[in-house]
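Naming follows writing order (A, B and C), and every chain is counted from residue 1.
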Amino acid sequence: MNRRLLGVLVLVAFTLLAAVTAGAYAGRQATTTTLTMWSYDNQDPGLEPVLKQLSKDFEKSHPGVKINVVFKSFTDLVGTVPRALASGSGPDVTEGNQGYQTDAQLVKAKLILPLTKYIKKYKWDKLYAPSTWGMFRWTPDGKSFGKGPVWGIAQTGQNVVAFINRKKLIAAGINPNKLPRTYAGWERMLATLRAKLPADDPVIEAGNKSGYGFIHIFGGIWGAYVQPQSVRNWVYHVPGSRYDSAGTIKALGRLQAWAKAGYFNDDYNAVQEDAAAGVFAKGKGAMWIGGDWDSTIIKEGLGAKNIVVTPIPPGPGGQWASIGGLSGPWHISAKTKYPDLGAEWLNYVITSTRAKALMFSQQQIPSDKSAKAPAGDAYLGQVSKAFQQVANDDGLLLYTDWASPSMYTTLQNQFQLLLAGRQTPAGMAKAVQDDWAKFDKTLR
Amino acid sequence: MTAVRIDRLGTYFVLCTFSLLALYPVLSILFLALHRKTDLVSGFAIPTRIDLSSFEAAWTEGHFATGFKSSFIVAGAVTAASAVLSIGTGYAFGTMRFVGDRIVFPIILLGIIFPYEATVIPLYYDFQDVPLLHWNLLNTYWALILPQIGQSVAFGTFWMRAFFRSTPPSLIEAARIDGASSFGVLWRVLLPQAMPAVLTMSVLVFTYTWNEFLLALVLVSGTETHQTAPLGLSFFAGASRATDPTKVAAAAVLVALPILLVYLFLQRHFVRGMLAGALKE
Amino acid sequence: MADEGADAARPGEQIPGAPRRRRRGPTRAPGDPRNIGWLYVLPGLAFYVLFTLAPLLHTVYYSLFDWDGLTAKTWVGLANYGEALHDSVLRDSFVHSAILIVYYAVFPVIIGLVLTAALTRSVIRGFRFFRTVLFLPQLIAGVVIAQAWTWIYATEGPLNRFLELIGLGSLARPWLGDFTWALPSIGAIGSWVTFGLCMVLFIAGVQKIPTSLYDAARVDGAGPVREFFAVTLPGLRAEILVAFVLTTINALRSFDIVYNTTAGGPGGSTLVPSMYMYQNAFLYNRVGYAAAIATVLAIAIFLLAAVVLRIGDRGEHQ
């Protein structure tokens, strides 16, 4: 009996190994063409249903083609996509991330294709203003950001704005239709809210578990103290740029002051940004400051009529600014068998009328600057205006984690320390600049 | 008499308390999973009705059909292969002497305390471009099966050697005098007795392989088709925990279920194996 | 090895103290070639060397380069180790690991011993059931454990609700998001994972200690405390050693749990060396430096194992 068991074990082992090999061969003879896309636009409601629906439409108009969209969290995708593309069995089309951590690596290792011929074919150059294309440009050695061919294309415009609960404004004696137009006024408003709200209700419901929550929130404060162009130069590694300017240090001090004054919820390090939006949508906190890709989540919770959407107003310089830019860059894998088909899908999800309609229906702003928000949706109008206001003022600060492969972790750690009172603004600014400088040396 | 009674009562009380402690997290996540997404669950909420919708959602959206298939294939192959290999090495070290056996055995033993995390970097690059053969084995089952066989040989050798050493030498001698070759002795005489030990080793190897995460994260995260169940759970949780914790809880329960089921039926083997001979049954 | 059974003399071995004899009995069957043992060992050994030892040496090799994993390598010799020596993040990660070892190994062993001393030494009916349950945490995948405990520690999770219920609501906090409490929280998870193992080991071990030893101690006038130190502790020596080895190994495999709960945050307060190595290799594209971290980690683990086994051995011979 026992020998038989051993025999069975051995048989099982060989059967499995045989099955594995057989499976590997069988997998190659598919009758349909399957394309795999990776995305971190996993907001539902939000872009996720848009991408799913558009892919279904694409399949209908392309018989024999199957589109498999895989949604991962931002950190999971960014952490696994370089290896996935390098393996040769990874996605055909995928989002990456602008900046030195991800896109620079993908370009340097020749894992993605330059999009030059598709830009020509589909006339994508009409989509964005010329300076916007900078965030997708890299020299083929992956060292110079903002120069060289274009490697990616984005679906939506994005920026970080404040979503405010109308009822709570009124309860605090603030007129929702006459919000402050200056940063100083904004800070006074926050103080009023803190004074008038119940003690256990935060002024700002924040979600920093993944570390980008405060990178986003900080942008609005930052814009009141520095020139947006200096921030963009720093991200693009223009020689001589610095993070530790007097303006930045002051702005960091303001963010720390907000934390000391008790504006944020206690558990911001345990909650993810999207989750915090959901919590705000259920009625906690007076406002949520974050990406407008979560606008639908908020609408579904509070109701469109109860929300005021605005960027944080400008400082003495008068320029509206916020962290923002375009959404994640879509790339075509250099190892895909179907680059043209992939480009066609991209063209469909970014430029088609159907795509724009679906995006608007989920309160997402198409990146195509010619897209007009349909009239009659006041909430969408607010979100759209909040983006335009900053974009037209040339105030989009991009995303500071783009500045080096380790910058995301550095910023995440430093913001957490700063807000907990364990780091000074000057100390943080120095730590961030040190990271930038260390990496900058490798680019020269 | 009463002192003994209190003694015993106290003992059972302590054991019950700590057993509850051991079960608590499992129960808590099971209860969470039995809720619907729309229930605003808070605390240790015992479900008022059993709702399996989260499990359905988790299974389909988390692509666990593929995840389970991958995990079964990998764990099965590793278990079977390392059983065969360990029987061999255990037999040799347990009953024979040969040149260098005193040196090689401790080297293999090293594998029990080995820091496997320190090997993932070269494994990644060597599987991406296999030396001499220039194959790309990333995102295949081989990438997970081969290293884990290597990793299991250490414990397997130790375990089977202990078993073979404990067989009476007279048994082996008798068979040899009858003219059996070393393989014959193994196959006909020792193996039938070894089945319980092999089974113990197998359930442990299966469990460790099923639960392996870092290797899967580094070597097969590029495509969904070869993701193991724990890796799938990690990605699923990252993508959905913010919006639907009940779904993620259901997924977690699903991933733990196979091992728990095997454990229920074979728990004696697990315990014996893990206490590694320090516990005399 | 502490846990080998009674050593029956293997064919051919000399029995200490016995008069010298000629090797009795064949060590191999008459038809088998000399050193046939190698034939049985080779396949297993090949897998082990190829996929465990060789990669470790390969890691050391990589650590001598500056490499982003995608383009060409640059030789830098020991520069990565120089950097590692001054890297406060790395140093902190080892401190965090040491703290986790206390939670995974020291606390459960101590608790296990104390409880065992308090429990009855007579046969416990139904111990099979308790043993089954107490062992459970050891078998659950780290990812699953992470999900379960993330929920327990959540702002609206069972722990905070329980604190509020018993009037300690002021202690409620975002455990895994708190600078001071994140690492102890993960430590508590570790204690949960290993305490059952220790309890089972010690309870079963204590039942093997002959009652005559306890009787003798009592006759000498020893109270329960003296009994514990004089009889129980020495009697459990082997079990304690096994417990420390198994639980320490558990502590060092905490990557799964850390990655899936806090990912090293907040502010790096829960970063462990394996996590830092992963970040450097696959997120920052600093493969050479990551390999150096891995090498340092490997050396630390081997040293630790050597120390634990040495202590165990020395105890044996007392």
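We adopt the following convention: a contact is a pair of C-beta atoms (placed from the backbone, for glycine too) under 8 Å apart; a residue touches a chain by one contact, two chains touch by 3 or more.
Bear in mind that the values here come from a model prediction, so they are computed numbers and not experimental data.
Among the remaining chains, the Cα-based centre furthest from that of chain B is the centre of A. Of the two chain pairs examined here, B-C and A-B, it is B-C that is joined by more C-beta pairs in contact.
Mean C-alpha positions place chain A and chain B at a centre distance of 38 Å.
Work out the mean CA point of chain B and of chain C, and you get 16 Å between them. Across the assembly, chain A contributes 75, 83, 86 as residues in contact with two or more other chains. Each of the following residues of chain B touches two or more other chains: 217-218, 234, 241.
Within chain C, the positions touching two or more other chains are listed as 154, 282. Chain B meets chain C in the complex at residues 4, 7-8, 10-12, 14-15, 18-19, 21-23, 25-26, 28-29, 32, 41-44, 82, 85-86, 88-89, 91-93, 95-99, 101, 104, 107-108, 110-111, 113-123, 125-126, 146-147, 149-151, 153-154, 156-157, 162, 165-166, 168-169, 172-173, 176, 179-182, 184-185, 207, 210-211, 213-214, 217-218, 230-231, 233-234, 237, 241, 245, 248-249, 251-253, 255-256, 259-260, 263-264, 267, 270-271, 274-280. On the side of chain A, the complex with chain B involves touching residues 1-3, 5-6, 9-10, 12-13, 16-17, 19-20, 24, 27, 36, 42, 44, 68, 70-73, 75-76, 80, 83-91, 272, 274-275, 278.
Chain C makes touch with chain A in their complex at residues 68, 70-71, 153-155, 173-179, 263, 265-268, 279, 282-286. The residues of chain A lying in touch with chain C in their complex are 75, 78-79, 82-83, 86, 101, 105, 108-109, 208-209, 211, 266-271, 405-406, 409, 412-414, 416-417, 420, 422. Contacts from chain C toward chain B in the complex involve residues 2-5, 8-12, 25-32, 34-41, 43-45, 47-56, 58-59, 62, 69, 115, 118-120, 122, 124, 130-152, 154, 156-158, 160-162, 192, 195-197, 199-201, 204-205, 208, 238-239, 242, 245-246, 249, 252-253, 255-256, 259-260, 274, 277-278, 281-282, 287, 290-291, 294-295, 297-298, 301-302, 305.
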